[in-house]
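In order of appearance the chains are A, B, C and D, and numbering begins at 1 in each one.
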């Protein structure tokens, strides 16, 4: 049993981590920080945790040494305060965007400023276990991937690795839920405005694109054309990727490629059914789970392949992915504490 | 470890039971019946169970003897086929409405026909553990309560038992989700019609009223005035009960009454906060959990007390309640297999 | 053709008024005020008005004399600034709560402070045309009714007037949409929190109760027991009223009562069908319309009558009602500019 | 004043047409057919029309000669019965898919069977007024365009016509509402399944693709790569098109191209704001209107241009477009009967 702390526990990702860690048999969560809510009950902020915990938020200045820190700070803040939190624990998993890109030059391009600690970029392992399992096992610094990036990368990596698609034209549109924007209210998230909307909120320039380019091995930034559209949903990402096959592959060959890549993965399900109601991935079925569901369909009129992948952005796209990495780092079964199957109907 | 079977596993309640039983450490679920889907994968019908089970549906005629049967048949069918399923297992939990009322005369009044097996009504224990825990422990036949009845009864029983409200005028309106109507599609559940609707679908005459009257000890059927309104939600019940205090009680006295009644209950939470965003019960926070959240507010202008209770109709209102009863019947910790805390945000 | 101005045009009620007035053949809307948005295009704030108007907001200090002012200021502000706006136009329709109650003593009780201008209370006519048509025709000051109050009063007034219900126990629960809370964002209206919620946001003490008591002729404040529950909906109110008949009335007698009261009203529809999908009022069908739909159902087990009424809170509950009053004040056909029928499906 | 009939008035498109025609000052709608509902009130099926019409459905066999027939039959049926309805009126507007494609060879490819009346294909004018205004004016047979096709074509036609994009790689994903699937209930549209879903329901092979190819002048069928994703929405299409510029164009140049093409169009709005909440098209703002809103964003990292267009699928994508065509055919102002501005908030 190790002790763990969540730094930045008032947001949605932090809350989800608290939920998972309270139910994890190998850890004791005894510190959750929030500047604004210090002294208040964690369950007041995250009402699903009522009766499950008596923890109260502490100010980050009161953080005591621990075994593992989950860093859930806003982009930028994590980078600026990394030394302080590295000093609190021998292991750290950062859920911000600050240490995801290995190339320091990518930060000015995608984040608008030079990275404050380029020396640390190589020290962090990009935290998608399905891609970097062995490196995560030995890591003391892990950077959890972006939610959209996770969905897109898991959907396309087998095809890129198999060399069967043209990497120079990948068009992806992610449909995302409102929790992706975080816990802070704004005019754009005011219910009468956001409810029922289908809103192109980031047609171009989304920062997660840089992660997709990095992990899909594309040589030029422009090879992934990514857009994000906000839809009526709280949790979830559905990424629809349009790629072009450079060879003729039938469906059996595609199954072979995806099975070879992901067939043994505990948290990836290949969803491409011929009958039934739910033939392709759907994010609402994944709420609260750590699954990434992946399906596809060949265009009978062209060489296009549409690859559809779904996750819960707060789970496989954030807190669940981080717990999966923690399990790897400590040699526990990878699925520990991540057993929730999701609901139907929902 | 016992063997269990779900009879009628293609519906929503059956599917929820399968989910819970697959994760329950003391049971082995090895039979799930469905006439229509016999031979098909259970996970095709309940896609949240993909990768979690390889079970296929069997026809009910192929049901083999087992230790416990959960009966999830439509109203009427359970009553007609009860002997057959009692023959399959020494213990049976019925999730239909067929054995909830003890008084045979209530069936013609509320269900429009005489009961086919009035001799059995006394044999069944009404399955709300918070009310009949000891009897459930010793029971071999349990009848799970109606979802709306569960929410209303748990909210009001402490007040009735304490004798502080006038039992002759209880007005309750339940806001219910679409899963309450079951898995069968109809014009009324067609998405363009049902989506976003606030529809008074049963203003009077709701059959669950009879259970409320029975368990709240009311002497006349008309003392509970119940209405159900369908709202945009898949899972969940929010029952708002308007009752009238027959004495002057301050909030401390009310807390005392509710704490005395439910303070030790693992699945009841008293939710009546002075600050924070979530001060009173909300069903969306309970999706997938076995909690019943209860809150209240005194009307400063009259002797009215508004009591608000929330559950997930498929969990505490059906499958979760049944598993809780099973745990009691077998002497296992009452919370076994029911640990999911629910999500926030959702 | 008269000239009209909307004071406080950045909110939802103001925006709805602008929409209606732009399409009204008898008026010219040439001034819309907003302190915060002065100088900005009205259609930027209310994007449905793009291409329909080039108006820009002006500061209220720049308001020029006009023929009729619609006052859409927050509660309290209207009362404090009433003289100023009465000076701008010979006629004024106030859409705030400030002049709805005739009894000055009601303000401390329901609004927590004495009224700043009790002398004016008698000058304002309560603006529900179906109740006070003749007085509105002759009025120069009209106070539009609260949205919940409008729905409840129109539903119950015929029964109260006919003397067939017990006025001492009226229990009403309104299901309300998120626009009722106005245009200002808060943590409670943040989409991940508000979406899909069924939240008892005002179980007791709702200020609209005072209007119901006043217009239903109740002699004691406590005779209307009102609660409001927020549901997933942007526009709309569904009020479910539980009343108790003091005599035996069959459905024909009830139809007679409602028809006698409202049969000639252009904006009231009696909705109580025996077949079809939409047998009772539903607010989503009323979005954008000025209708109030009213239905009912007798409880076969008691003397309860459930009366269901629905409106669009921004239309019949605010802007539409105000335009209807304006039409009356000027002798135009009452339905002028209010012809939109609503959508199906929606 | 002409007489008009709606054939197939029980569906959503038919209902929307009835709504529009009842409010149209130049026509008298006196026949609405439905086999299943013959003899029943139109307003029972389309409850928004209560109090607005006393029309009852008639069987199609009872259709009497009239001036214009709107044909709202399912795909296939229109083609088979076209002669019969051409015999009923000198002018006919078909809202099915049966006469949209000019090339008979396209039917086997996209609709799986040869066309029953290839001789008529040239007689029908494709009914998007912004593309074929002059031909519609003189037409007696008009075929209304598919909803997705309308949104995509209006968004991209100016770019194709200007020759500034590569027509060989157009990737479009439409987010569509549930009304697009029609009025018939199925398991897939059952509320608990369909609610809140983000479901890739037609990743490839959507029949509207053929219309896009035809009207965008592409020489090969595969040049438009279209997918449709079902989201939580009843009405509306948001089409996101990813196209690649073959020359360097700044935003001013793009504005010039779109303004030149659509600047004078009464029902097209260019929505590409620099500030405010609603900077790009959103379908929920268009519910009930005949607008097509079009916006775009250049990818700063590549030559991709994202073009976003939104419509109400039942209005500009069906009934509204048909009424607009009718107006043209009769020389009435094009906007007659189509003045509804849409709601905000909604």
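Here is the rule we go by: a residue touches a chain if its C-beta (ideal position, glycine included) is under 8 Å from a C-beta of that chain, and two chains touch if they have at least 3 such contacts.
A quick note: this is a predicted structure, and the numbers were derived from the prediction, not measured.
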- Two candidates, A-D and A-C; the one with more touching C-beta pairs is A-D
- Chain centres computed over CA atoms; the one at greatest distance from subunit C is chain A
- Query: When the centre of a chain is set as the mean of its C-alpha atoms, what distance in Å lies between subunit A and subunit D?
  - Reply: 38
- Message: So the centre of each chain is just the mean of its C-alpha atoms; given that, what is the distance between subunit A and subunit C in Å?
- Response: 45
- Got the subunit C residues that touch at least 2 other chains? 12, 179, 183, 187, 192, 196, 232, 234, 277, 282, 345-346
- Any idea which subunit D residues touch subunit C in the complex? 12, 15-16, 19, 22-23, 44-52, 179, 183, 196, 234-235, 269, 271, 273, 275-278, 282, 285, 287-289, 291, 293, 339-346
- Task: State the interface residues of subunit D toward subunit B in the complex, per the touch definition above.
- Result: 12, 177-179, 183-187, 189-192, 194-196, 232, 234
- Message: Per the contact definition, I'd like the list of subunit C residues that touch subunit B in the complex.
- Response: 109, 169, 171, 173, 175, 187-188, 192-193, 196-200, 203-205, 209, 221-222, 225, 227, 229, 231-233, 236, 238, 240, 242, 277, 280-284, 295, 297-304, 306, 308, 310, 345-346
